[in-house]
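What follows is a group of structures, each given as structure tokens.
In what follows, chain A forms one complex with chain B and a second complex with chain C.
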Partner chain A sequence: MVERIRRTVRVWAALARAGLRTELQYRANFAFGILGGLALQGAGLAVIGTILARFQQIGGWSLPELMLLYGMRLTSHGLWTLPCSNLMVIDTAVREAEFDRYLTRPVAPFVQLVTRRLPVTTISDLLGGLAILGVALATTHLHWTLPRVLLLGLALVGGALVELSGQTAIAGLAFRMLSTGSLKFTLDDVFNTFGNYPTKIFGPAARWALTVVLPLAFASYVPATVLLGRTGELWIPVWLAWAAPAVGVALFVAAYRFWRSQLNRYASSGH
Partner chain B sequence: MPIIRADSLVKEFRRPKRVPGRFGAVRTLLTRQYTVTRAVDGVGFDIDAGELVGYLGPNGAGKSTTIKMLTGILVPTSGAVEVSGVVPWRDRERNARHIGVVFGQRSGLWWDLPLIDSLHLAATLYDVRPADLRAHLARFTDLLGLDEFLTTPVRQLSLGQRMRGDLAAAMLHRPDVLYLDEPTIGLDVVARDRIRAFVADLNRAAGTTVVLTTHDLDDVEALCRRIILIDHGRVLYDGDVATLKARHAPHRELVVHLAEPGPVEIADAEPVAATDGRVTLRFDPARVSSADLIGRVLARHRVTDLSIVEPDLERVVAGIYADRTA
Partner chain C sequence: MRRYLALARMQARVVLAYRIDYLNGLIGLLLQVFLLAVVWRTVYGERDSVDGVPLATMLAYVTLASVQGWLFNPWVFTLIPDRVREGRVGIDLVRPVGFVSQVVAAQVGRTAATAPFALAALPFAVLLSGMAPPASPLAAVGYLVSLALGYAVTTVLSVVFGLMTFWTMEIGGIFIIYRMVAQFLSGALIPLWFMPGALRTVAQVLPFQAVTYTPTAIYLGRLDAGAAVLATGVQCGWVLVLALLARLVWSRALHRVVVQGG
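On to the complex of A and B.
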């Protein structure tokens, strides 16, 4: 088992380096991608700034608190898009029968798919997220204990896994549907729209939908309430709030299993 | 003990039935009716270790679909397949370790990187030890003439160069079985010969089992001892090339150039063409030997030149397909 994991890491690293070299072949695209990414982050933050300028608070959350949530969300987003955003191009890989070769090599097809290119431009998400998070941590004056530090770190990864699970499950449908563009961009939109605000402001129905149906509340909002001492506003038990990172892991394990089971539906192309 | 066993393999492709007429696209989206295409319809064969088998058929006969089931890419609708004791689709990673796959139409190389990077990556994926990698790389570079384009990005390689690169990458881990799907399609004569020589050498020297699908019957004549012929997803013929010719094209032709043009009438031989003193006689070697026939011709005519024409595989195969569709 340990040997298997070490091998996967080694192969992943080799493939990712190749993906990076591929990406760097197109230098102009690379540069514009990073600039564009940073501009997009700035625009997102500006929207929140505009709302705050008018209302001072959103759902009782002050600017530094909102920045903490926003920073956590964006960092998580960057943590999954940097290594795995090629999951989004699965339609092409399936329709053009690129999967033929993924299935005839002794490496998990998931690893081969996500490393076909390394979209370095998504690093702007990660850098932007970390910067905002840094400012938020400096201005919220929280009382830090070891469990809370651990929770923050794990929650960033857990948040990445929550979003990655959704995209992985949709990618699994690609073997049957061949075209999943609208689904995955809708999911991306939902995360980018609802993920940046405290989930409680959306009213009871949406609140439950975002906890149970599409559990994006667990990505950043729930752990942020723990860090900010706001668990009082939650509609789930506090222990579950602490376990938010585990929710991400569980979701990803389930999504990955589903994805693997769908490989057998792959029909390649031609006869 | 066969290394590849395929038993009653069937593969059906299902897709929603197209609904014509008003709102056809929307109704197609919602339909529960499916069109089923049976691409492979009960194919079975055993291949022993060390064989070099040509898998032939016209377009759409089910060749590639069979190969995709043997390699684990597709799951059979029914039937059984086993390669080196592994069910390919059920245990893909284990299967992948002892097979090599080259698709002529699609490269397995990293498109934007120099060829040498792809070879190193392949070595990493298959856990080839550095010493082995060096040895194999040196050998393949030599056999396939890779050195002039090792550092060229794959997307800038010619088709022939790319195919040679693909073959090297597929063989670095010394697989027991090599599947080649249309390896010479679109290649010039030089590249084709090089690839044939390489495949023949692998089979002879390393005992690699090779399954080759192709349209190019010259490939088959040059390489294969055994051929499996399929059409409409079924096996039409499975055996050696000579037997196929004997069964489906029993006749040979004797072409004689006469010093004085004129009619030729010889027992057991049928004139099938005559132009300017060049007469083609068809005969059945089971009834008259070529030596006897030549003796009879020489006894009656002054001949400037003569030759015996073997039936070529292309015509044999074309004849079989024509018979079947008739």
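On to the complex of A and C.
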């Protein structure tokens, strides 16, 4: 098991280097690709900042608090898109029978799929997220204890897993549906729109939907309330809020199993 | 004229061939409308009105500005980069119609085919956010005039920006930056009246606000008759200035044409 993980990491690192070399062939394009990514994610923060300039708070959350949420969400987003965003191109891989190859090689098909090419420019999400998170941490004056520091670190990974598990589950449908683009982009849209705001402002129905049906609340909002001492506004018990990263792990395990089970439905395309 | 209509029809067919993509775009649009409506309701809280802007007006602004912004500032806002990158610009140049006119005709065709999607989204946006009738019959007329001018501004802007491809070839990131700046400063997300002083000044001196903010503000009566006439005058001015700029840029771009894989 350990050997397998080490090999996977080695494969991934080699691909990352190759991807970076490809991108650096066109330096200007690479630099603008990263700036473009930052603009895309920065626009959402610009909206929040502009509204806050006139209204001081959204649902009781101040600018530094909203920045903490935004930074956590974007960092988590970057943590899944950098290694795994190839999951989004599964439709092509299935339709063009790329999976034939994946099934014959001695590496897990999932790993082969996500490492088929490394989109290095997605590092802008991670860079932007960490920068915003840094500013937020410097301006919120939180009381940091070891459990809280651990929670922040684990929540960043947990948040990435929540989003990744949604995309993995959809990718599982690709073996039968062949076309899952709309589902993927809608899920991405939902995370990029609602994930950056305190879930409680969306009203009771949407609040529960985002906790139970599509557990986006666990990605960043729930752990952020713990860090900010805002668990009073939650509609779930506080212990569950602390366990938010575990929710991410559980969701990913379930989603990966689903994906694996759907792999049996793969019917190669006729050559 | 017949030639232009043919070009427009061709592009409209492209949109309709990929109609599923546009339906997906509509989901994104409605999510944005819902989000903005929730955020404005939340920040208004118990108040009916902030700075003289009633909540109902604000929610109608969200509906109108979002749907218009989606139609006027699409994700692929110019067709020029693809033509240049794939070398098809070579074919475009030998056609008996000017290149810029072809691009404009194609753009109009695309918008005409996308408009029904925007109209289909409108009732849902109204449900999610809100709507108000035009402030007065005169405001309704002013809105239609201003809307047409706003479309002219966004079209010429995209031509000017798209022509940059002749120098840059492929710098996709620049286009994303342009699109985000254009969307934000057009007032599609936040009306100029709620922008802080310095940002509002920047937005006012740039052409983007003439695309979405001006028509919407006229419709809602946020600009009185005098201000509305002035604002449409500014729109006309931008169309003129940008058209001249497009002409200038095009005359230089023509000397930079590289047809790849010819």
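Here is the rule we go by: the second predicted complex is superposed on the first by the 238 of 271 C-alpha atoms of A that agree within 3 Å, B and C clash if a C-alpha of one lies under 4 Å from a C-alpha of the other, contacts with A are read in each partner's own complex, and residues count from 1 in each chain.
We take it that contacts are C-beta pairs under 8 Å (C-beta built on N, C-alpha and C of every residue); 3 or more make two chains touch, one makes a residue touch a chain.
In this text, all values refer to a predicted model and were calculated from it rather than measured experimentally.
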item	value
Which partner reaches more residues of chain A (counting touched residues only), chain B or chain C	C
Touching partner for A:R105 - first (chain B), second (chain C), both, neither	first
Contacts of A:D189 with chain B and chain C, given as first, second, both or neither	second
Partner chain in contact with A:G59 - chain B first, chain C second, else both or neither	second
Partner chain in contact with A:I201 - chain B first, chain C second, else both or neither	second
Touched partner set for A:V253, first chain B, second chain C, both or neither	neither
Touching partner for A:F32 - first (chain B), second (chain C), both, neither	second
Touching partner for A:V47 - first (chain B), second (chain C), both, neither	second
Partner chain(s) touched by A:L150 [first = chain B, second = chain C, both, neither]	neither
Residues on chain A engaged by chain B in the complex (per definition of touch)	7, 10-11, 14-15, 18, 21-22, 25, 97-101, 103-108, 264, 266-268, 270-271
Interface residues, chain A side, partner chain C - complex	26, 28-29, 31-37, 39-40, 42-43, 46-47, 50-51, 53-55, 57-59, 121, 181-182, 185-186, 189-190, 193-194, 197, 201-203
Residue ranges of chain C in contact with chain A within the complex	20, 23-24, 27-28, 31-32, 35, 38-39, 42-43, 50-51, 170-177, 180-181, 183-184, 189-190, 194-196, 199
Complex contacts: residues of chain B adjacent to chain A	13, 39, 60-65, 68, 71-75, 89, 92-97, 99, 101, 103, 106, 108, 110-113, 117, 121, 124-127, 153
